[in-house]
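In the two complexes that follow, subunit A is the common piece, with subunit B as its partner first and subunit C second.
Presenting the complex of A and B:
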């Protein structure tokens, strides 16, 4: 079907097609990504499990897991939300449905190719920029630029006077992430070396999170929560404080990832201070959303999408408290490079961000398919597998990290730390596997929704209808 | 609509992002430029070559087209004894030079002047190959290490250098680090002892000039294993490394490091086929207590990946 639409006239493509393809692709990659994660975790807990072949070696699969969830799941879910929220907020149609479909197509092809090469060991050897630069050029010119053009043109052709905060985030973040990737790849393309390369690697890694993953996820919540609750956003002005503070503060603290490297000291201090300042947008965001819930807190229990969304927002509280302070010199020396950071990264990507996107994908797919979710039971099952699995993962890795930190400063022989961490490695695998199982359920549930979900009548929202199963 | 909010917004975003890029990109680039290459930095870039990771000369990232490090105890031209032996970096004809040779400014003030002056690196030619060493010289009253193009200064040719060294004194360092990258060792290990507390356990943290010309640096961010920047200073046994890579639990029963037995390739040093399945079966019997000794670990073939990996670990990570 995708093939047919790729060469159809724009006007003949039903509105919402791009959203639907993006939505299913993102869930698919979520299943793949978490499956790989669970497999990797098993290898850390039981190193002799699958051995003797290069293909299933830990070092070949770890980065495939990371990029499948970031570029596959999270970013495609972003693409999906942009395809339906941007026009809805501008009271108009998507600028080009066809361009949107081409974006999904190139995205899936490029990502599959990149991940296969990565799996084979064809890598650039730079964390988060592991994809070789030709693939990165596909990401920029085949994915981000077309996505950007679609979103920017839709915003420019809007039929409303103002621009809602979500669209501010979408429009700006696509631009900023494109710049980030361009600058981040420059060491590979222009062969920049040494500390410049090391610094740019983490400059890219940090800005990928700070200027793409967290702000776009927040932008999504600015749409879903008012939509689902029927309450207007508590304050558009606080939303703007959030937006501009992200751009001012979140684009600068990259070097706090390299506190122990011989980078200039002024840069590290600067990064540390700016890193604490990210609490400004963080508090603005959480407060704004939670205040929007006023009078509608029952939906947190009753409505599946709200449950996902608010869970994501609540997880943003520990996320930002950790994020703001763990990068200061006072704390960083203890936790740097330990499982604590792994826990924190999963709190950001699997916790805060993924919950917000899951809510938006649930909502958007029902809305665009014009079908009510197939089964509430399966939806709830997904939620509870997801949150419990995530908590097991997060808590066990945090403890493992603290053990590692203690081992580091008391100079315990490293092997004793490995032994002490073993139970938490098993817990981590159990947690990750639960999340993976939940996602398989989700994919099934969404597939059945597309086929058998109750039709939503014109003029109604899916969440207004009662469940039939 | 006279007031176009998005235009104002776009300008604002551009301005703010531009400002933060000025600080975070332009600012540090000045500091990095003043880094004077240390011996470690020169040794690394000469032994690793142009770059590691996907590139035109090595598209499958398997360690093709990398320079070879040799330890010379005799002058390859005259045959005179050299004591103590020197490390030389052999670039066969066609091997891409490390970045500092063509972009001299990467070497840092002082090193650049000496390398291009008495070191004669300017006359090295990629198409006919060259042999480099790191020598000590004086610049403005301070001792600095610089690159010497021995092909020009002493008439050492790549072939002669390789022949003089023989297999025993040849180290496939560049290929070894490539394997470190492709096998993802850096997802568990770091190459960056921390400035605050790692001195005792893992050794001194690196200095500013230790990285000039290295790509990628692969510090690693997530430590599930010891830092190995100075591992060869703690443990320089080739035999231990060989057993440890084949199956870490032969020497460290509690290790979670994966087995890297597939890096041996098909045959061992004598050309005998390696049967990993059979080995694992015998090893399981050993674990079950039905054997007194674990099965022997095959000796790596000369061109095997693990040979290069161990070469890199024992030569570079001191």
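Presenting the complex of A and C:
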């Protein structure tokens, strides 16, 4: 069906097609990404499992997992939300449904190719920008630029005078992440080495998180929570504080990832203050969303999408408390290079961000398919597998990180630290596998929703009918 | 775009501008959504102020610095003492050196040195590796004092801080002498006015000013849009 629409006239393509293809692609990549994560965690818990084959070595598989989740699941879920939220917020249609479909097509092709190359060991060797630069050019010019054109043109053709906060984040973040990825390629293209390479690598990594994954997820919550609760957004003015604080304080602390590297110390001092100030946009965001929930907290229990959304917002609190303080000189000295950081990264990507996106994908797919969720029971099963699995992962890796930190500082022999960590590696695998299992259930549930979900009458929202038979 | 400057803490927009913004908020819904004009609750404002204060306090140049090579000076003196030479194993030697250095630190009443020694223990092999570097600095071959060096793996290196000019340098020009000169003549210790930290003071001030300006251009928070009119 996708191939048919790729060559059809724009007007002949049903509205919402790009959203639906993006939505299913994102869930598919979430299953792949978490499946690979579970496989990799098993290798750490049971070191004798699947050995002797280079392709299945941890060093080959780790970055395939990371990139499948970031570029496949999270970014495609962003693409999906942009395809339906941007026009909805401007009371208009998507500027080009056809461009949206080409974007999702090129995205899947480019990502598949990139991950196969990574799996084969063809990599730039730099964390978070592991894809080789020709693939990154596909990501920039085949994915981000067309996505940006579609979003910016839809905003330009809106039928409202004002621009809603969600669209500020969408429009700005696509621009900023494109610049981030372009600049992030410079070590590879210009053969930059040493400290320059290290700094640019983590400038890219930090901004990928700070100017794409976290703010777009927040922008999504600004849509889903008022939509699901029926309440007005608590405050337009706090939205300003959040948006500009992200621009000011999230774009500047990249060097706090390299506190132990021989960068100029003044740069680290600057970054360290900015790093704590990341709490300002975080507090503004959490306050604005939780105050929007006023009088509707029962939905946190009763409504699946609200449950996912608010869980994501609540996870932003520990995320930013950790992020703000773990990068200061005194604390970074202890936790740097340990599982604590792995736990923190999963709190950002699998916790805060993924829960917000899951809510938007649930809501958007039902809305565009005009069908009720096939099974609310399976939806709830997905939620509980996801949250319990995530908590097991996060807590076990945090403890493992503290053990590693102590081992590092007190120069405990490495193998003794490995032995002490082993129970937590098993817990990590159990938690990750629960998340993966929940996602398989989700894919099935959404597939069945598309095929057999009850049709929703005009003028009603699927989530309003969730408990009606 | 009418500006009104007589009550800047109330609003920077004139009444007509405020009315137009409220009218727009009341007359249009974004895909069924609309927005309130509430202020940040006062506890949150206090929390924001506390965050800014904490950001500067916790990263203040006096906190969390990496230990300098100076904390191992007593170790170097002790390692060649007859008491240590008489001990048989590296573990025994190191235990004696570490315990004695700790006692010396405690007797000096230097709590920072005690803390640094607790958090940065060495093995005998580590000590053997860094000893030549520390001795070389102590012999006066370097123009920098030993507390300008940090321990990096098995060697000591000049820290990357850019501090005050060293008094003995030709670039130093009397009290507060900040005459420009080669960085080589600056102390490699984090100064209280650390350049990155100082830039932050201006950066955060500008941010607060700009956001206050943006937010104060909106209608005052006491003027709520009437959502009943929203379409």
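As a convention for this text, the second predicted complex is superposed on the first by the 465 of 469 C-alpha atoms of A that agree within 3 Å, B and C clash if a C-alpha of one lies under 4 Å from a C-alpha of the other, contacts with A are read in each partner's own complex, and residues count from 1 in each chain.
Everything that follows uses one rule, which is that a residue touches a chain if its C-beta (ideal position, glycine included) is under 8 Å from a C-beta of that chain, and two chains touch if they have at least 3 such contacts.
Being a predicted model, the structure only gives us computed values, none of them experimental.
Look at A:291 in the shared chain and tell me whether it touches subunit B only, subunit C only, both, or neither; answer first, second, both or neither.
second
Can A:234 be said to touch subunit B (first), subunit C (second), both, or neither?
Only subunit C; A:234 stays clear of subunit B.
Which holds for A:112: it touches subunit B only (first), subunit C only (second), both, or neither?
In the superposition, A:112 touches no partner, neither subunit B nor subunit C.
In the superposed arrangement, does subunit B or subunit C reach more residues of subunit A?
B
Tell me which partner A:269 touches in the superposition: subunit B (first), subunit C (second), both or neither.
Second partner only, subunit C.
Check whether A:280 is in contact with subunit B, with subunit C, with both or with neither, and answer first, second, both or neither.
second
Looking at A:90, would you say it contacts subunit B, subunit C, both, or neither? Reply first, second, both or neither.
Touch status of A:90: second partner only.
Considering only touches as defined above, state whether A:10 meets subunit B (first), subunit C (second), both or neither.
Neither partner.
Given the touch rule stated above, what does A:325 touch, subunit B (first), subunit C (second), both, or neither?
second
Quick check on my understanding: which residues of subunit A belong to both its subunit B contact set and its subunit C contact set?
161-162, 244, 248, 252, 262-264, 266-267, 270, 333, 409, 411
How about subunit A: which of its residues touch subunit B in the complex?
43-45, 47-48, 51-54, 57-60, 62-63, 120-127, 132-134, 155-156, 161-163, 168, 171-172, 175-176, 179, 183, 187-188, 191-199, 201-203, 244, 247-248, 251-252, 254-255, 257-258, 260-264, 266-267, 270, 333, 336-339, 341-342, 404, 408-409, 411, 414-415, 418-419, 422, 425
For subunit C, which residues count as touching subunit A in their complex?
24-25, 28-41, 44, 47-48, 51-52, 54-56, 58-59, 61, 63-66, 119, 121, 123, 157, 159-162, 190, 194-197, 199-200, 203-204, 207, 210-211, 214-215, 218, 221, 227
Okay, in this complex, where on subunit A does subunit C touch?
Touching subunit C from subunit A are residues 85, 87-91, 160-162, 164-165, 223, 226-227, 232-241, 244-245, 248-249, 252, 262-274, 276-277, 279-280, 283-284, 287, 291, 324-325, 328-331, 333, 409-411.
Which bits of subunit B are touching subunit A when the two form their complex?
On the subunit B side, the touching residues are 1, 5-6, 9-10, 12-13, 16-17, 20-21, 23-25, 27-29, 31-32, 35, 41, 45, 50-54, 59-61, 99, 106, 181-188, 190, 192-198, 200-201, 205-208, 210-226, 248-249, 252, 254-262, 276-277, 280.
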